[in-house]
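Order of writing sets the chain letters: A, B, C and D. Residues in each chain are counted from 1.
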Amino acid sequence: MAESIDRIEIPIRVRYAEVDPMGALHHSRFWVYFEMGRTELLRSQGVAYADLEREGVFFVVARCSARYKAAARYDDELILATWVTKMGAARIDHAYELRRPADGRRIATAETTLGCVDREGRIIAIPSFIHRP
Amino acid sequence: MAESIDRIEIPIRVRYAEVDPMGALHHSRFWVYFEMGRTELLRSQGVAYADLEREGVFFVVARCSARYKAAARYDDELILATWVTKMGAARIDHAYELRRPADGRRIATAETTLGCVDREGRIIAIPSFIHRP
Amino acid sequence: MAESIDRIEIPIRVRYAEVDPMGALHHSRFWVYFEMGRTELLRSQGVAYADLEREGVFFVVARCSARYKAAARYDDELILATWVTKMGAARIDHAYELRRPADGRRIATAETTLGCVDREGRIIAIPSFIHRP
Amino acid sequence: MAESIDRIEIPIRVRYAEVDPMGALHHSRFWVYFEMGRTELLRSQGVAYADLEREGVFFVVARCSARYKAAARYDDELILATWVTKMGAARIDHAYELRRPADGRRIATAETTLGCVDREGRIIAIPSFIHRP
């Protein structure tokens, strides 16, 4: 699925309960998909986010922005690309592109900034075993 | 809002993101409402569920069943009634009725059985300060 | 993925946003999974539920019940089995079993009864091209 | 609840199922709250969004951005302020501030741009009966 350690593409099929009365994937749901992209990007680098949390390392979303370009529908098969755009001592920026191969439409693009924190929410350095692009 | 310590009614307005492509409150969402009913029933008895969890007392759903009788729509104002039907040493049964005052329709009825557990998921006795009907 | 036209198994990985403060897959989320099971069971029989809705055939949940047996955690890989237990003129009953291959635990079992309705919610016969077990 | 026709404040209590394994309101859930803010802002101006949709007028989110400043917890009572910052022929910009009165913390701020479309998703002019700030 991954083409490289710095960028990953995953398939996601739109679930019925994720679609709103207009018949479109609700704009709140995209963030759940983007989080899945980050999980799989980490996994492709040999790190399970669940393990990180067990060791007291958490990533929290500090900022986000998105542009919604076309509606995704129930049962659509989408491809989500996720990659790291910048990495600091305690923060990491990702970008995302969600597209629908069936018609080549770009559904949405987005960016997030995550902060690395401990169990009490205090900022900590990103562990050195996390891949730097 | 409460009419007695053993039964509570709360108003809930259906959110846009809770409604599915058919225009109906999705059947998975009712359980979020029923959980709100339990939270408010406890609160009417002087107990905050958030405090219980901080003290290591958790309630987990062991069984549930529901009958869906009419569709609820976006922006509908509903009334949820929640009451305890049975209480054992470590389990508690609730019943629920969700109705729409605007047309008097019953939207759904349901029952749940919760088990009382500690942080590790082991069964424990329900604390004595929790009201027994 | 399917072993037969009458029963299907699909893999589902638990998403971060589906897990509650106790660290467990929230009991409301299982119904979203079960709906995915029905979608894939239909698809294995050559029918896309999205097409059915476009033609004015809808299935609505009339009853459901579940037993939750063990907690599923973030990032768990689960297997959901879905099969038809009974089919009438206008209703169809399914059963579900969700298990975790990693430790062989059964996470939950459930049953639903769906009614077949038209766009206005009136009961209609289940179309003859839908497979009867 | 409203202090004026151009800005509205609504109370929102954080639900259990909206909170993630870290114990924080999940970042995807804020958009559901912001949508509630828009619904109530419109209602304070005498317009029910549900009626708009029945007449074929839809608002879709084209862009959004948010900054998350502090974690909100289960059962927190929050206040969401929603106001219009700009209004064009077919688009409308809102801003949002979510805060927790108990400790005066600002939880998040956000902005959205909505486009006005018809049932087929074509851009249309915002109806004249919608209040212009």
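Throughout what follows, a residue touches a chain if its C-beta (ideal position, glycine included) is under 8 Å from a C-beta of that chain, and two chains touch if they have at least 3 such contacts.
Keep in mind that what you see is a predicted model, and the values were worked out from it rather than measured.
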{"item": "A-B or B-D, whichever has more C-beta pairs in contact", "value": "B-D"}
{"item": "Most widely separated chain from chain A, with each centre as the mean of CA atoms", "value": "B"}
{"item": "Chain C onto chain D, rotation angle from CA fit, given as a multiple of 5 degrees", "value": "180"}
{"item": "Euclidean distance of C-alpha centroids - chain A vs chain B, Å", "value": "33"}
{"item": "Computed distance of Cα centres, chain C from chain B, in Å", "value": "23"}
{"item": "Approximate Å spacing (C-alpha centroids) for the pair chain B, chain D", "value": "26"}
{"item": "Touching two or more other chains - residues of chain A", "value": "16-17, 21, 28, 31-32, 35, 53, 74"}
{"item": "Residue ranges of chain B in contact with chain D within the complex", "value": "15-17, 31-32, 35-36, 39, 48-50, 53, 73-75"}
{"item": "Residues of chain D that touch chain A when the two form their complex", "value": "21-22, 24, 27-32, 35, 53, 58, 60-68, 71, 121"}
{"item": "Chain B partner contacts - residues on chain A that touch it in the complex", "value": "16-17, 19-21, 23, 26, 28, 74"}
